[in-house]
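Both complexes shown next keep subunit A, but they swap its partner, so subunit B is in the first and subunit C is in the second.
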Partner chain A sequence: MKIAGVILNTFREAIRDKVFITIIVIAILVMVSGKIVQPLAMGEGDKVVKDIGLNSITLFSMLIAILVGGRLVYKEVEKRTIYLVVSRPIHRWKFIIGKYLGLLLVLFETLLIMVCAFYLILVLLKISPNLNLLLSVLLTFCELWIVTALAIFFSTFSTPITSSVFTFALYFIGHLTRDLKVLALMSKSPQVKTLSDILYYLLPNLANFNIKADVVHNVYIEPKVFMFTIIYALFYSSIIIVLSCLIFERKDF
Partner chain B sequence: MGRIIVTENLTKDYRTGFRMQSVRAIENLNLEVEAREIFGFLGPNGAGKTTTIKILVGLAQPTSGRAMVLGKPTTDVTIKKQIGFLPESPYFYEYLNPTEYLYLCAQLSGVDKDIQKKQVEKYLALVRLERFAKMSIKGFSRGMLQRLGIAQALIHNPEVVILDEPMGGLDPIGRREFRDIILSLKTQGKTIFFSTHILADVEMICDRVAILLNGKLINTGRLDDILGTEIETYEILIKGMDRKMIKVLERLSEKVIPSEDKVLVEVKSEEEVERIMVIIREVGAKLVSLVPRRKTLEDHFLNEIKKERLKEI
Partner chain C sequence: MANYSNMTLNLFQSRKPLGSIEKWFLTIVFLVISGIIIWTIQFYLDLSRQKTIGTKVVEELMYFPSGKFLKPAVIEYQTAMADLVWLRAIQYYGQHLMTNQRYEYLDHIFDILSVLDRRFTGAFHFGSLVLAWDARQVQGALKLLHIGINHNPLNWQLCFDAGFINYMLTKDYVAAGYYFEIASKLPETWKITERWAAFSYAKGGATNLAVEIWSSIYATTENRKLKELAERNLIKLGIDPKILRTQINADTKENNNQIIRENQRPVKNFNRRPNRSQIFTRYFLVLILC
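Entry: the complex of A and B
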């Protein structure tokens, strides 16, 4: 299958990149640093270690998604390696989807490595790991579907720096969209209400993927909310990837 | 089989700059390439050769007009299965080795999984890269990259092979190898379309040529028709002529180029050749070679370019 070729090639490219290995090593080192903080946390040491671990996993996987995703398509166009792909009997949309799935595979592997390291650290620190930690990581992965899709979207028409900046900006704004909803509810102006509502639904709603605090404090997570969040990630990332395919389809090289 | 590549009033405009100004790269290009021929596509830098090739292989879309390969529009993805493409100065995934790269190309081109291994081995051997099969492409020389390029263009056994400046940057041995590969492709029944600046290569192997200038086709046809079969000059290489006789030759010839122990004489007619031969016999010099030359493609090419540029003025 041709998409499989693109997926495997994207995967190979990323894991043979030294930057990828470097980021994973740094992430694990940051997790290990939780051991230093643990005794200083006044009885909350376990929660702090879990918090640092989960946030490292999120931060560094987002970093990979934004930095690698932001140059994924652009690099192929600039280096002209795209010539020998697009001139073959493969639809351009399959190329974009292959690139997207390839990077998701890389991110999945990254999360797997970091989660294994995290659990090992918890065991070594005699902290009992619970299943909810995995639920948090799963939602992080779902959030990555959206962030990676955005990075690839920008990569189809702008430079790596611009793509990374825009993706990061949307990631940041995505965690503040709840405030837009509050603004819409509180505002007396119908125009502000409408605009806030439009922006709320248009921008990625990433705050829903952040259940780290709930997990660390053993708060119950509603299965319905959990499932809805996953479906939202699937739906939103699909729309962004379709837009990416449409832009890429019309591109001249 | 008929016409393999056809363009009808093909025009391509690019938008560049901040104001998105339109720049016309090719204009109303009408080309036909017949089955099983080697077609040379010539033109100075910026003539529109690469733009035309990009449209043929689906890297760019026409602004107006159409381009067809094997009867199908170039926007049809399925036709690419029958096209092998080598871009100018090809770029590859440097983190792969040639075996991995050719497997990827075979997969993307729809080669059956059962025969991928055989095809990869066959084309690595054809381009003499078997020894480097597991070496990272990053360490490849220019010649090795070109050879890998031709291998990836042929891996799926296409009917049409499109090459953009395939011999640029190659040494004489590399160019000879490439010419031999192109000739062997023709004997296999393939159609080859290639652009180049190296006119000597075109004269050696092409059946027909087209000359492009400023995006417009200015001439096309069989080499014999374009250049004619008439002899333009005769080059006579003589050994053993003294300076006095060289002065005599200068009065009787178009051009005389003395070197260490030889002199090259250029004359225009058979009568003049006869006169020079008589002189050689009388002075006891030695005839090294007599080479009749017809008009070269370079002469024709430069004349055509000059004519077009004068028209513009």
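Entry: the complex of A and C
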């Protein structure tokens, strides 16, 4: 019940944020720009519109997660509103989990708005609104679980800018971890091999969540792999949130 | 010094304020002069841009670094980047088609596209044709098609394109026949590809392969005209249609007999539901494993 209060409060606070509304408006404008690009793409207009839609949904929801998530906890400390929360009989871990779930609720709402706009654009441009595209959006949401968890994790001990930079860096690296595996395979040094392998499993493998090309080209997605990817996101984000709670528990105000 | 400054002050104070017509006149003059200056500068800039073709080429290259670099740099937005490169490729092709008809960097652009989106069959199709015919880079076109075929093995269009380029430009008729034959066996293919394969093989001197395809067409088609065409071609290749008919009839009989024999065999039902004991064993095993 106490967590529900934090969730609701975080949700309201984020919704009122101007950054949130601006990003959604820009995302929809980018999607609409597909209408201009469609006739220029020489028979590949449908693919281009779908690509623009899916990529802008991912990009702008990631921006919200990184920018809003990065200052979520810090803002409470800076404005000293945290004292009101800490002085009440509520566990600190509940506060962090509430913040995390609240932001996820905001992101879910964002995705919902953007997906509706995307499908509306597809219908208006007379492009068959393939339901497979939703699978990609679903995995983007799972990727957001991890990115939001990372943003909140960094937000518990650093300033909003540093936290956003760290989260973005990990988001970027998370898409290149397969190169670490290749490095481990190619390297002759056992130390490099071990280090690459450790980093490969330690860092989030965000490339798992990228099925945009597959859904646009109507490639079959194996349900088992899809399910495992969701479970991976669930466990990885849980670990990050537990670590965030541990750090927040030890913090002095 | 003080007198001088007083004089200047008096001079300014003594001037009459400007009338509204004068104000308007001066404003219009100012706007016209500024407009002419801006237009001249822009005209000069455009001219200087046209002059430096070298700079233009460098600019084009700057937009197109290697695909191997671009792929990790754009992380999960590869498809969107591929679309941007695709639009740029069309623009580049159109621009050079209307001007100097030199396509120095076209293969580079399509190479990037092939790295960014390996399932973008439209780009492979268009890229290979443009490279082969307009840019006269036949090997580049075939290389692009090979990448496309490797990543889209069920796309008949790419195999057909490879066959077409081999037939028309490299004059390697056996290779053309090989690609046409593959294309003819892929889903949603163009029916004519099988005949094209036979023609190409025959033209390239691979008579056995041509005979095989024409015989297959002759044996399977119900289209009278197509049967006649196959017969004519078989005669051209030195096959007696009478012998062929007898052989086909014998083969058909043998096939029919085999089908009957296979149908008479008892078939094991793999889809039947497991009985209770089997279900119990499975649950037991799962429990032990847990």
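The rule is simple: the second predicted complex is superposed on the first by the 253 of 253 C-alpha atoms of A that agree within 3 Å, B and C clash if a C-alpha of one lies under 4 Å from a C-alpha of the other, contacts with A are read in each partner's own complex, and residues count from 1 in each chain.
To be clear about the criterion, contacts are C-beta pairs under 8 Å (C-beta built on N, C-alpha and C of every residue); 3 or more make two chains touch, one makes a residue touch a chain.
Fair warning: this is a prediction, and the values are worked out from it, not measured in the lab.
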item	value
Room on subunit A for both subunit B and subunit C (clash or fit)	fit
Which superposed partner A:Val219 touches (first subunit B, second subunit C, both, neither)	second
Which superposed partner A:Phe172 touches (first subunit B, second subunit C, both, neither)	second
Touching partner for A:Leu180 - first (subunit B), second (subunit C), both, neither	neither
Partner chain in contact with A:Val37 - subunit B first, subunit C second, else both or neither	second
Partner chain(s) touched by A:Ala207 [first = subunit B, second = subunit C, both, neither]	second
Partner chain(s) touched by A:Leu59 [first = subunit B, second = subunit C, both, neither]	second
Angle at the Cα centre of subunit A, taken between the Cα centres of subunit B and subunit C once the superposition is applied, in steps of 10 degrees	160
Touching partner for A:Leu139 - first (subunit B), second (subunit C), both, neither	neither
Partner chain(s) touched by A:Asp51 [first = subunit B, second = subunit C, both, neither]	second
Least C-alpha distance (whole Å) that remains between subunit C and subunit B when both complexes are overlaid	36
Interface residues, subunit A side, partner subunit B - complex	2, 4-6, 8-9, 12-13, 16-17, 79-81, 83-91, 250, 252-253
Interface residues, subunit B side, partner subunit A - complex	14, 54, 57-61, 77-81, 83, 85, 87, 90-93, 95-96, 100, 104-105, 107-110, 152
Contact set on subunit A toward subunit C in their complex	37, 40-44, 47-48, 51-52, 54-55, 58-59, 171-172, 175-176, 179, 206-207, 209-210, 212-213, 216-217, 219
Sites on subunit C touched by subunit A in the complex	72, 75-80, 82-83, 86-87, 90, 117, 119-120, 122-123, 126
